[in-house]
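Presented below is the structure to which this report refers.
Note that the chains are named A, B, C and D in the order they appear, and that numbering of residues resets to 1 at the start of each chain.
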Amino acid sequence: MSGNTFGKLFTVTTFGESHGPALGAIVDGCPPGLELSEADLQRDLDRRRPGSSRHTTQRREPDQVRILSGVFEGRTTGTPIGLMIENTDQRSKDYSRIAEQFRPAHADYTYHHKYGTRDYRGGGRSSARETAMRVAAGAIAKAWLAGQGIQVRGYMSQLGPIAIDFKGWEGVDDNPFFCPDPDSLPQLEAYMDQLRRDQDSVGAKITVVAEGVPVGLGEPVFDRLDADLAHGLMSINAVKGVEIGDGFDVVAQRGSEHRDEMTPEGFLSNHAGGVLGGISSGQPVVAHLALKPTSSITQPGRSIDIHGNAVEVVTKGRHDPCVGIRATPIAEAMMALTLMDHLLRHRAQNGDVRVDTPRLGQA
Amino acid sequence: MSGNTFGKLFTVTTFGESHGPALGAIVDGCPPGLELSEADLQRDLDRRRPGSSRHTTQRREPDQVRILSGVFEGRTTGTPIGLMIENTDQRSKDYSRIAEQFRPAHADYTYHHKYGTRDYRGGGRSSARETAMRVAAGAIAKAWLAGQGIQVRGYMSQLGPIAIDFKGWEGVDDNPFFCPDPDSLPQLEAYMDQLRRDQDSVGAKITVVAEGVPVGLGEPVFDRLDADLAHGLMSINAVKGVEIGDGFDVVAQRGSEHRDEMTPEGFLSNHAGGVLGGISSGQPVVAHLALKPTSSITQPGRSIDIHGNAVEVVTKGRHDPCVGIRATPIAEAMMALTLMDHLLRHRAQNGDVRVDTPRLGQA
Amino acid sequence: MSGNTFGKLFTVTTFGESHGPALGAIVDGCPPGLELSEADLQRDLDRRRPGSSRHTTQRREPDQVRILSGVFEGRTTGTPIGLMIENTDQRSKDYSRIAEQFRPAHADYTYHHKYGTRDYRGGGRSSARETAMRVAAGAIAKAWLAGQGIQVRGYMSQLGPIAIDFKGWEGVDDNPFFCPDPDSLPQLEAYMDQLRRDQDSVGAKITVVAEGVPVGLGEPVFDRLDADLAHGLMSINAVKGVEIGDGFDVVAQRGSEHRDEMTPEGFLSNHAGGVLGGISSGQPVVAHLALKPTSSITQPGRSIDIHGNAVEVVTKGRHDPCVGIRATPIAEAMMALTLMDHLLRHRAQNGDVRVDTPRLGQA
Amino acid sequence: MSGNTFGKLFTVTTFGESHGPALGAIVDGCPPGLELSEADLQRDLDRRRPGSSRHTTQRREPDQVRILSGVFEGRTTGTPIGLMIENTDQRSKDYSRIAEQFRPAHADYTYHHKYGTRDYRGGGRSSARETAMRVAAGAIAKAWLAGQGIQVRGYMSQLGPIAIDFKGWEGVDDNPFFCPDPDSLPQLEAYMDQLRRDQDSVGAKITVVAEGVPVGLGEPVFDRLDADLAHGLMSINAVKGVEIGDGFDVVAQRGSEHRDEMTPEGFLSNHAGGVLGGISSGQPVVAHLALKPTSSITQPGRSIDIHGNAVEVVTKGRHDPCVGIRATPIAEAMMALTLMDHLLRHRAQNGDVRVDTPRLGQA
């Protein structure tokens, strides 16, 4: 219980249901003196916002965030930062059917049995709408990390069967897919249009990269940087897999191939994804995540109701045919939150460590 | 910092370096009244123990665990359980070279820069020897979970390029690979023999399954059961990827294919791996993990020393050519610890929840 | 850092400055199914509210609380409960003087040096206004504890030099002092009127009692029930001392006098205040707390400004001449939060413990 | 549950029963590079050790501590420090009576009902013997704090009815009472001798002082420095009250008297005990604690057995007639642990804060 807090020193606690009056968060432990405005948070919220292309849900929420505390005269004060987004577009008209049925592969069944009750309107707490507050909090972390020379960015690396090459950061934010290869866009558009005609949904793979991370972040043996990243990324709705660096490719690799050799000029490769022994190596930290296809499709599916009777479920409403499309800002947020928490943890223990060995450049 | 504790209610805190006087752990929060003896812990420790076949390190440690507290007259008392294993086979003779060099793809470089110092003997704290205490603590969790009808087991599902079919639990513990397909054994043996001749190492994939898990475990939105599993499994040495259920296969799946439909008789499939919305569904909880090839190989590799000079490193000593071979009991331990922690957390909040809906059987 | 969360399983995280747009809290870990409405919270908020008599600050805030999540159709759902109170009566007109001066015995000096900045309007985060959210969260705990047969109540046991006898709970809530002896009221009124004429302030002692607490709450050796109570009560603004049971009187007691003997009918006394070895004994849990006189008085005091220059400070504005007067509901809240957290913790570990020994009645 | 860890960043987790094979602790989060040897810990352990005068228990334990990890070549490495003390003088011969009876005012009754079982030999986990590990861990904190210019010391300020003046630190460690007034010693000796003849026990008051604490430690609103100190000190066996600065004397004080005025040369008084708004002010941090008289006396007392029958209990064995006498090193340890944890927490958030305002000297 009380599982709604992320982080140990730099913590984010969230609340809010899809169709309740508001979503909110408390960001605690932010260092004082950081320049921060609502516009800084809004930028990433707008990147995640639904309704921005025909490939995402047509629910339209302005998702206007308010900062309620912790910022004074344009700078953080070191006290907790209260955030709130009011829900404005909840169409809660007719939920009588969904109230009694479990949509297959949704959290309806598990929430019902865990709590004995649930707010069934729009998925309640289990709705991906909750991730808006992660993005808002993540924007604070990004702003602070930027001041430390750390940049966290993500992109879509696969949409359904279509693998996407990374051709550069330019343009990633200019298309609705966060696609890093402009040449792939027509193919992605065509795939999504067909998917809608098929009344189906599909999975996706997202890659997140942090550059400028200093060597030394991560607290073995349990709070390794990669372990906490895995926690954060796997906690995103619909995520079923997390990889660091080469991920599952390492299974078939040999040691002579995998090991990232070093020279005085730097690492010669980055199979490790920037983490060695649970501690950042100074190379870019690279993670991949797999998002499942949403189960909210209009094809009928077999299920049961709360009384145990067989029912046929058709999920109507406004849904994303590929929840992965909007997941890039959320994944960035979770990586940023994790890195900031670890940077503060490292600073606590090793504030005055001085090492003469030269740090290596990044491969 | 202080990253050496796992769990929130049922917690394990460990200490110990590879070549120090002892390894130890404190297991806190175990319910009273559980029958427990050192033999219960020793069983799993023996499964993980090095030197049990020619395919693992030839370091020989009896790994004899002692229970120092928390058990009285054969039963747990509810007070913390102190565990200790004395190190007996530390050959700390000549470390002058390793003390000044960073072995590529090891934690030498990152520990040195994080802490400004390190116990370089045998990898110190970053050695996989640390996982012995996880296995000992995990055995306590397994014993308690067994009393709740929950069983946690694992097997090797891939060794390097060789995928292994799961043909049943029988025999898994009778071969040094934890291989669930007796017919594959000759191929695995041959592969490993060749690998040693090549003076190389290789990765592996492990699968862990928990059966009998009740519906309802997991604390959204951050402490989802799958997120905490990912944390636990990714915190194991050499792990670079974690999957729940279909894992990265979901990327190319369609919603109509992925969703596990339900009938009054039960789920019709388990693509989700037993977790929906971060909460256990009552189906078997299934996780996969990818372990990298160890970098401790006798082929020379390029690296630097602590002064920044180029050096050529050859890792001698006694090492596992495939660290994945001994990882199965460790992965089981981390899943057992996670499940027990979550079962207690669930019980705290929902001790008296009564739901009339029939639970579904397991697919 | 991140010190704005109280509790381990049943947690309260708060935000908000005295003169910011709003105060808020997230209550996480509340069991599902609890009947709860805003009116339930408002009752205690009104007891704490300023401006209810001439003996408290004349600042007038309706302190109207809103529940933003976690409650559906009148009952808690097990998801986090978001709470908010908008600030309506912030007169932030002229703070130019206070912005540069440290009021003696206030947190101005320490906040300034800790964070390098501070929201000086009305004390910012250090204002006792923050305690409104504790009271709101505490009301949730009280409601749940009531369902377990546990009642938490408090009263004023001393005002400045005037010790107050406890003559019964009746009438405690009917006077502005939470005074349990109606005969003392005229004396208290006269004392306060003279205090205002003296332009001075005074301390107070509050007693909180929990009845119906089962035997067994508390998690030795560090998270003893009394230790966590001391944490919670000492975290209230202006508190300088906490006692359990006989408190500092035990220093001069002898063992033969202090020990609470037992008979089959129950304990014969309650010097221990309901806690033995850090665990509740089934007797009433009794705590006392000492609140200092506020330093916000209109008599000039010596201090310095942020540049280190000597200044003479006169604290104007609307202040309580005895902050202890409104502290009773706050102390009740902290005790209720502590007990509920511990009841859930106990249930997690010992959900199924059955003991045949008869519990003793309460002395 | 899992209440055996103290601290958030610099954490101490302990295990061990009075008559089990060993006591132990894991100290996690210690910065690397601290010079540390077993002798550094032994010094404080010897100050706490029983049997050092005729006024304490005659149980004789060498209490020889071993460091099992986390220290390499005489310095801490940043990894967890494992500590162990083997129990050598457990006379567990005949406990048949105590096994079935609840000694009045002991934890027998509450442990039995909480856990349904208990290790009754010598009090098991509830024995004050547990505090040996606190002292060992506290010595690590003291060593590190000393490097930061912070010194934590304590003394007895009252023994039963005899208040003791503080006349200086010199000589405090040279008498068995930690008495800061040599002239009081004959009176204390005489009182204790009479107490033994009376077959009774008595309470005591201890004062702990930390000097050199920088301004800024403490994390409002819940993890105030004084609140965490109250937690730590109240968690010591037999403590029933905690005060910061003037403590309960503030109840009768006026604001004009209590407020510590400031001049450019420093604070003019220290009624606050070095904490304002939950944050250290740079003045000495002063705390007082009240220890109850032990209930282990040879005068018969009324109680019940585990079947609910009335019994008469006489506590034999080797006990301290005043547990407060040996409490000074324990109180110092808890204050040192708290300060170190908070210093690291402060450093995490505010590592780079620079304030131009001159810090004030200490009153």
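One rule holds in what follows: contacts are C-beta pairs under 8 Å (C-beta built on N, C-alpha and C of every residue); 3 or more make two chains touch, one makes a residue touch a chain.
If you want to know which protein each chain is, UniProt gives these names: A, B, C, D = Chorismate synthase.
In this text, all values refer to a predicted model and were calculated from it rather than measured experimentally.
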{"item": "Farthest chain relative to chain B (Chorismate synthase) (centres taken as mean CA coordinates)", "value": "C"}
{"item": "Pair joined by the larger number of C-beta contacts - A-B, B-D", "value": "A-B"}
{"item": "Separation of chain B (Chorismate synthase) from chain C (Chorismate synthase), taking each centre as the mean of its C-alpha atoms, in whole Å", "value": "45"}
{"item": "Inter-centroid spacing, chain B (Chorismate synthase) versus chain A (Chorismate synthase) (mean Cα positions, whole Å)", "value": "26"}
{"item": "Distance from chain D (Chorismate synthase) to chain B (Chorismate synthase) - Cα centre to Cα centre, in angstrom", "value": "38"}
{"item": "For chain C (Chorismate synthase), residues contacting two or more additional chains", "value": "1-5, 9, 14, 29, 32-33, 78-79, 114-116, 125, 220, 344-345, 348-350, 353"}
{"item": "Sites on chain A (Chorismate synthase) touched by chain B (Chorismate synthase) in the complex", "value": "1-6, 14, 102, 104-107, 109-116, 125-126, 130, 158, 160-161, 195, 198, 200-205, 215-224, 226-235, 237, 239-264, 268, 271-273, 276-282, 290-297, 299, 301-304, 306-310, 345-346, 348-350, 353-360"}
{"item": "In the complex with chain D (Chorismate synthase), residue positions of chain A (Chorismate synthase) that touch it", "value": "9, 29-33, 78-79, 220, 344-345, 347-353"}
{"item": "Chain D (Chorismate synthase) - residues contacting chain B (Chorismate synthase), complex", "value": "1-5, 7-11, 13-17, 20-24, 26, 28-29, 32-33, 66, 68-70, 72, 75, 77-82, 84, 114-119, 124-125, 344"}
